[in-house]
Amino acid sequence: MTTALCPGSFDPPTLGHVDVLRRALHIFDKVVVGVVANPSKAPLFTLEERAALVDELFDGQIEVVGFDGLLVELASELGATALVKGLRESADWEYEIGMAHMNRHLTGIETVFLPTAAEYRFVSSSLVKEVWRLGGDVAALVPEPVMAALASKQEP
Amino acid sequence: MTTALCPGSFDPPTLGHVDVLRRALHIFDKVVVGVVANPSKAPLFTLEERAALVDELFDGQIEVVGFDGLLVELASELGATALVKGLRESADWEYEIGMAHMNRHLTGIETVFLPTAAEYRFVSSSLVKEVWRLGGDVAALVPEPVMAALASKQEP
Amino acid sequence: MTTALCPGSFDPPTLGHVDVLRRALHIFDKVVVGVVANPSKAPLFTLEERAALVDELFDGQIEVVGFDGLLVELASELGATALVKGLRESADWEYEIGMAHMNRHLTGIETVFLPTAAEYRFVSSSLVKEVWRLGGDVAALVPEPVMAALASKQEP
Amino acid sequence: MTTALCPGSFDPPTLGHVDVLRRALHIFDKVVVGVVANPSKAPLFTLEERAALVDELFDGQIEVVGFDGLLVELASELGATALVKGLRESADWEYEIGMAHMNRHLTGIETVFLPTAAEYRFVSSSLVKEVWRLGGDVAALVPEPVMAALASKQEP
Amino acid sequence: MTTALCPGSFDPPTLGHVDVLRRALHIFDKVVVGVVANPSKAPLFTLEERAALVDELFDGQIEVVGFDGLLVELASELGATALVKGLRESADWEYEIGMAHMNRHLTGIETVFLPTAAEYRFVSSSLVKEVWRLGGDVAALVPEPVMAALASKQEP
Amino acid sequence: MTTALCPGSFDPPTLGHVDVLRRALHIFDKVVVGVVANPSKAPLFTLEERAALVDELFDGQIEVVGFDGLLVELASELGATALVKGLRESADWEYEIGMAHMNRHLTGIETVFLPTAAEYRFVSSSLVKEVWRLGGDVAALVPEPVMAALASKQEP
């Protein structure tokens, strides 16, 4: 049985995330989302909120865990076959490839890159939040439950 | 009538900015500079100072407005035909193209990229400030009024 | 009056080309397509066929000329305000920026880059031809008249 | 059951190819190598030789097929879950991502990118052949059977 | 006599740094390491600790100085022939090339780029610290004295 | 004594080449230009013409040799300390870094990259020839002896 571990902040999950996770489900027997507990920037949503949103979007098809330590240790605990990362063109390719080499160095774990669908290439969580904070309409960029969650936050 | 909206922090305007704005004036009937009121890093010059510097450099040929919200809303208010961005090689191309797609998604506005003149490719406001703060000579990189404005600041 | 000169091989025109040309029409008073007579690779369509296809697609809104010499000379003859190039992510950015600097060096002409719509970023004439030659379906990637023109060619 | 289709010219297979294929075997239940019959450049080894070399290297663990048409059709015939490509830093990332989007457009097939091991990042078949043709020692860059196959060719 | 000035934070020195400095010693008569006193991020090691580590690693072969001002001024004081920077693939190439042009503009000093050894391409000080803080094993990525120095710090 | 080997086609030498070679002379005790006898594309100038042009430009300060085999073998024969390559932004960075790693793998030789002066970043031999063949003025891009040599060729 193959298991994919998909790490990220998911603050909040976007349609780009949903696209990559759907595709990971085609390739791996089991997909686990690892939600970074404390991202380097203060998150808009709590760990619990972010985990619950991912969970709701995939309705049990995907296991969701929060984590706070070394990604490769979580991967070992889960017996993960590979790490899976979506690769937007705007992603920091160099950063991701460096992390992939480091992670392989640490425990031998593979990283698998899935190119994001062309129509979501410009959709990152941080850009979505930036637009939303300024009052822009992001309804076409995030799933419905995320729109509801955004509406419940004070900011705009 | 075509109108270009050129957004930026202009903290301070450099000869690279001047070059791009001069070229935008060749292409568009009207050029408006949109000065970001609150850039993500604390600016050296106030919004008023930055706007005044751009205004002085173009002597009425260019309209200057400060803004604090969504760039595409300002573009709509102004009836702008397109956003115009200079593209230094050292610019974060991926970031700019992501913003361009996002802005087109939001209101359909085009983004036009003008390559910065080769001799100014390494001239960014932040690098100019970094060199100036350490006492380096930036007189060949910024217009004269900016040199005068820098001299009036305490730092070096 | 501003005039854009849009150079290319257009062998054949794709929906990506159509998208960029439509957008150039928003920005410039007049758009001229310059079809390269003798591209470095032997073209599938003759110069006449390629020019006729572009002409048909825009129904008189766009002037189409073939050319065989220096692009900047054509630009001077036409009194063009700027060269316009679509910029797919997959485009050879470095090549285009080098050409832009060279052309500016030769006659001072500006080059304006328009980012291709996200959904057409992978659509180049050469990839369309490669897929079509192997029997793949390219109907969603080129305008209808181009599909008809492809059908009239022997290859697949 | 998941099946990976790994396309390429394999002219000849390098240690970089071997590394990527070994890793594909960890992730997928079955790995098929699709050897391009007629690469754009005239190959050094015949299709039969290239296929036999890949076969020998993996000793039955990997299925090897030659193909001449559209990659996505081969993928459909094989019922492949995904295409797998190694991604050297020196690879034409833009080209690969364009192909991935095109292939997804044509049949919905995913492309999975595996980063090549750091120590093989500079090892491409074409660079290996270039060095070998000039008499350089490539023994540390290709598997033993490939060294033997190279020795049997006339060139150096 | 030629002198290379190699600037950096060295917080801490990695095997990638050691590799680049060894190679600089082959090319230049004298190599000076310039340790940035106050990097933009708060360093883990003090300036004295960082300088002492570099010094210990090269055992007198390399001169080590801390500095706080303009790099090109230090270069002038030292009579340096050139600045030397290692270039990992993951390095911010655009940033480095911009700095090189700026420094050449300021005093005419050259910048020489040495590509980092392939096996260290993913080894940056900041990634090493990130892994170490989370309890990962970095012994294969830094020299022995740095492992000892890390052990004496409280964090993990 | 340090020796730099600067390989290239020099078909013809440009002001960009001259700039890089002048800077190599500041860093190395001796500079040797290695002119590729048979570049992959048929050259405009013969090996003898290209070597004579480089020789004339540096008036004995630089040794010029033609070569036909493995670059690293020439480097070994010359006892070269390092290979030196100019790095235009438009250069194929990935290609150059791959070659640098391969050459280091073959004999341990270093490659040193010097960034081309900003004003010559768009000046390549091939673009100069393309413009010249179409009748464009390249006098500001190549040294005077090259202009004379171009004039003696039939093409435009």
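To keep things simple, chains are lettered A, B, C, D, E and F as they appear, and every chain counts its residues starting from 1.
In this text, contacts are C-beta pairs under 8 Å (C-beta built on N, C-alpha and C of every residue); 3 or more make two chains touch, one makes a residue touch a chain.
None of these values were measured; they are calculated from a predicted model.
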Least step count from subunit C to subunit E, where 1 means the two chains touch: 2
Equivalent of B-C within the choices A-E, C-D or A-D, defined by over half of its residue contact pairs recurring: A-D
Geometric centre distance via CA averages, subunit F-subunit D, whole Å: 34
Euclidean distance of C-alpha centroids - subunit B vs subunit F, Å: 38
For subunit F, residues contacting two or more additional chains: 89, 97, 100-101, 118, 121-122
Full enumeration of touching chain pairs: A-B, A-C, A-D, A-E, B-C, B-E, B-F, C-D, C-F, D-E, D-F, E-F
Subunit D to subunit E touching residues, read off their complex: 89, 118-119, 121-122
Contact footprint of subunit C on subunit F as seen in their complex: 88-92, 121-124, 127, 131, 134-137, 140-141
In the complex with subunit A, residue positions of subunit B that touch it: 69-70, 72-73, 94-95, 97-102, 105-106
Complex contact set, residues of subunit B against subunit C: 2, 23, 26-28, 81-82, 87, 89, 93, 97, 100-101, 104, 110-115, 117-118
